[in-house]
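In the two complexes below, chain A is the common chain; its partner is chain B in one and chain C in the other.
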Partner chain A sequence: MTQPIVICQQATKRYGKKTALDKLTITIPTGRIVGVLGPNGCGKSSLFRAITGLIRVDEGSIEVLGQQPGWQTNRGIAYLPDRGRWYPNHSARQALEWGESLLPGFDMDTAKRLANFMDVDLEMKLSGMSRGQEARILLILCMARNVPLIILDEPFAGIDVMSREAIISGLIDYLENRNQSVLISTHDIQEVEGLFDYTVMMNQGTAIWSGEMDDLRAEYGSLHNVFRTLYKKEWKP
Partner chain B sequence: MEKQQVGSLRFQIDFSQPLHEQILDQVRSAIAKGEIGLGEKMPSVRELAQELRMNPNTVMRAYQELERDGLTEKRRGQGTFVTSSPERVQVFRTDLAAKYIDAFLAQMSSLGLTWTDVKAYIQQNHTSDKGGDRS
Partner chain C sequence: MNSSSIFWALVRHEWKLKGSWRRQNRSPVTKWWWIIYLSLVIIAALSTATYYAIHETLHLQNLWYTTLGFPYMLFFVGFGILKREWENDTHGWWLTLPYPRHWLIGAKWVAAWLRMLLVVTGLYVLGALYATVIALCLSHYTFADVSSFLLSGLNWFLLIVGFSPFLLAIGLLTAESQFTALRPISPILWVLFMGGGGLMYSNTGAWLRGSGMSQQFTDNQPIIFLPFTWQVLAFMGASWLIAYGIIRTCAYVLDKKLSL
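And then the complex of A and B:
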């Protein structure tokens, strides 16, 4: 049995009166594409920030890559933050060059292949790009890294269908034959649900279900149904 | 649920059911029915994952199981191929038929039908089928 990629035990994080993570206890196995799902404000981003050491939990513990989160573990994590942006005066090529010189494990050939696959014009300036094009650049900066863990926080938010298709294709193409773990949070489940093979369903800072996606399907049916049953309300993607 | 054609394979994936079983079942039945021929090349894991918008790991797991069944074989550097042994497919087809018949009988008995009822019905149906063939 390989070591899990992430272990949370009773992890709790409060912002004033608001509890972002509430005694969250989960174990995420290595080498999976994990959907971290749940409504807005359920703690998905807080979990990712805790894994990447951007916030420290008040109680309980979090372990990633077998250690406490910090700069050492961040070498091994490619993190796409929610609402991420890039320097507007850079061209796509400059952004990738920045990645090559600063990001551990960054592979320029992979980056260019992905850029080509996702129809990114390398000479285009970020300032002239649409939200979807910029999102592709940020995603390439993550995915071109040969690191054990990739975390994508809402990679599809505000992105048109074509860009989303290109991103999903890029993910599938790239992830084959790699023993990388990927955590993806999203509330746009529609085109991506086939991508996940492991799922963490969150609500109010805690995991209300986690396990094999195929077990979830066998138990509840489609994700649409899962949301209806687990969250007791109609899911509107 | 959409139908998707990948090479000579046709898929109909329902995202509310376990995915790896669906791939497995649908490839198995394609081989048993001869929709994909003996010795024919299977789509690559990547190709199938792309077409079905699915995790390559899920596709890979199904492929590994097909290989264990002896229905496909991996050739180094060339990809995965349907077995070229007609006997192997024949055995598999018989097993599959047995499984369908068991499921059918289980359903009949849950309807409260006895074997005699079922047999009579099948016989009647079979005879009228033959009649149909002759005309």
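And then the complex of A and C:
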């Protein structure tokens, strides 16, 4: 059996009085496109930061690619940070050159192909771009890497609805042919529903459901229904 | 790529001016005012110096007094090069680069030092040009004066370059303290640095005399190359060791005590 890509056991992370991860226990299988979903502040970004070694859990343990997270494991992870931006004086081409020189597994040809697909002008400076255009560059910096794990924290934020649909359908085609594990957190659940084949639903720092997307659909119907059922209490006035 | 080429790729990345979103958001009018004010200050300084030179009251060495603020500037160069990662929201990319943290912080340190070297060299060349033009145009200035001016400038800049690794490291540590578990000591670092710097400047005369520099700036005695006392050189050597210790501490804190 293939080793899971991420294993969390009783992982707890606190920021002062606030508990971001509360004894989180999940096992994410390898080679899947995983949606990590839940309302704001449920611990999605903290989980991703812990997986990439940006934070350390106070209790419990996290394993990624069979090791404890740290700069060494980041060699095999492409991570798009939540609310991350890029250097304003760089052109899109310079951003990709940065990726080529510093990110292991970065493939410039793939990056250029993706830039072409996403209508990114490589000579344009980031300072002259809209947030949506900037988000595409950041997405390319991750997607153009041949690494076992890609983590995208709110990758479609800022991209307009029309472009988002095209980009997501392009990503579905692109990821189908690659044997990579992908973790994606997003609020745009309806548009990305077709992207996931495995889901982790989080609430208040814990996983309230995790499993195959088909099982989730069989149990609750569409992702919209899942949200309405699993997070029902939050929506009550 | 091998380790050395990756480290230098990191340094190259840090060396380039990557801009600031905060400054980008300023209106173009504000940017122009900055350029106009800076130009006016430079014109005023050059005009004043030239006026005194024409009236034979300018001691060329005194021009180096305009660079007395360099130690403070170096602190803020170190501070800014790290703080900008947070200010630009690029720290997530920077900190997840798959390289040891001492490479990441070390690359910033080296790049800041190289930038400082470029600025110091540029200023020195500009100073040399200005003094040469003065000597060519005004008969009461000789090339011996220019030579003394250049030698005293060289001594002063060597002193700055010698202590720059420490000053840059302190700036990096102070910036880092704001985003890590070191936050409680951040005010202490500010007080120590600003207080220490203030104390040093309030005793500028004594400090310069102690370092062997003041005679170079003010007296009319022959200028010698490297007039520093052995204590100054010993302090310089110690400051390099301390700077290295600070950089290793910064790397450790980034690895274990991030507060994101």
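The rule is simple: the second predicted complex is superposed on the first by the 229 of 237 C-alpha atoms of A that agree within 3 Å, B and C clash if a C-alpha of one lies under 4 Å from a C-alpha of the other, contacts with A are read in each partner's own complex, and residues count from 1 in each chain.
As a working rule, a residue touches a chain if its C-beta (ideal position, glycine included) is under 8 Å from a C-beta of that chain, and two chains touch if they have at least 3 such contacts.
Computed from a predicted model, the values in this text were never measured in an experiment.
Chemist: With the two complexes superposed on chain A, say which partner A:G53 touches: chain B (first), chain C (second), both, or neither.
Modeler: A:G53 sits against chain C, while chain B stays out of touch.
Chemist: Based on the superposed arrangement, let me know which partner A:S222 touches: chain B (first), chain C (second), both, or neither?
Modeler: Only chain B is touched by A:S222; chain C is not.
Chemist: Would you sort A:D214 into first (chain B), second (chain C), both or neither based on which partner it touches?
Modeler: Only chain B is touched by A:D214; chain C is not.
Chemist: Mind working out whether A:G84 is in touch with chain B, chain C, both or neither, as first, second, both or neither?
Modeler: second
Chemist: Considering only touches as defined above, state whether A:R32 meets chain B (first), chain C (second), both or neither.
Modeler: A:R32: touches chain B, not chain C.
Chemist: With both complexes overlaid on chain A, does A:N74 touch chain B (first), chain C (second), both or neither?
Modeler: The second partner, chain C, only.
Chemist: Regarding the shared-chain residue A:P104, is it in contact with chain B (first), chain C (second), both, or neither?
Modeler: second
Chemist: After superposition on the shared chain, which partner residues are touched by A:M124: those of chain B (first), chain C (second), both, or neither?
Modeler: Neither chain B nor chain C is touched by A:M124.
Chemist: Under the definition above, what is the set of chain C residues touching chain A in their complex?
Modeler: Going by the criterion above, the answer is residues 1, 6, 9-10, 12-13, 16-21, 24, 88-90, 92-93, 95-101, 255-256, 258, 260.
Chemist: Quick check on the complex: what are the chain A residues that touch chain C?
Modeler: For chain A paired with chain C, touching residues are 49, 52-56, 70-75, 77, 79, 81-90, 98, 101-104, 127, 141.
Chemist: If we count contacts the way the header does, which residues on chain A are in touch with chain B in the complex?
Modeler: These residues of chain A touch chain B: 31-33, 168-169, 172-173, 175-177, 191-197, 213-215, 217-218, 221-225.
Chemist: Can you name the residues of chain B that touch chain A in the complex?
Modeler: Checking each residue of chain B against chain A gives 13, 15-21, 45-46, 49-50, 52-58, 60.
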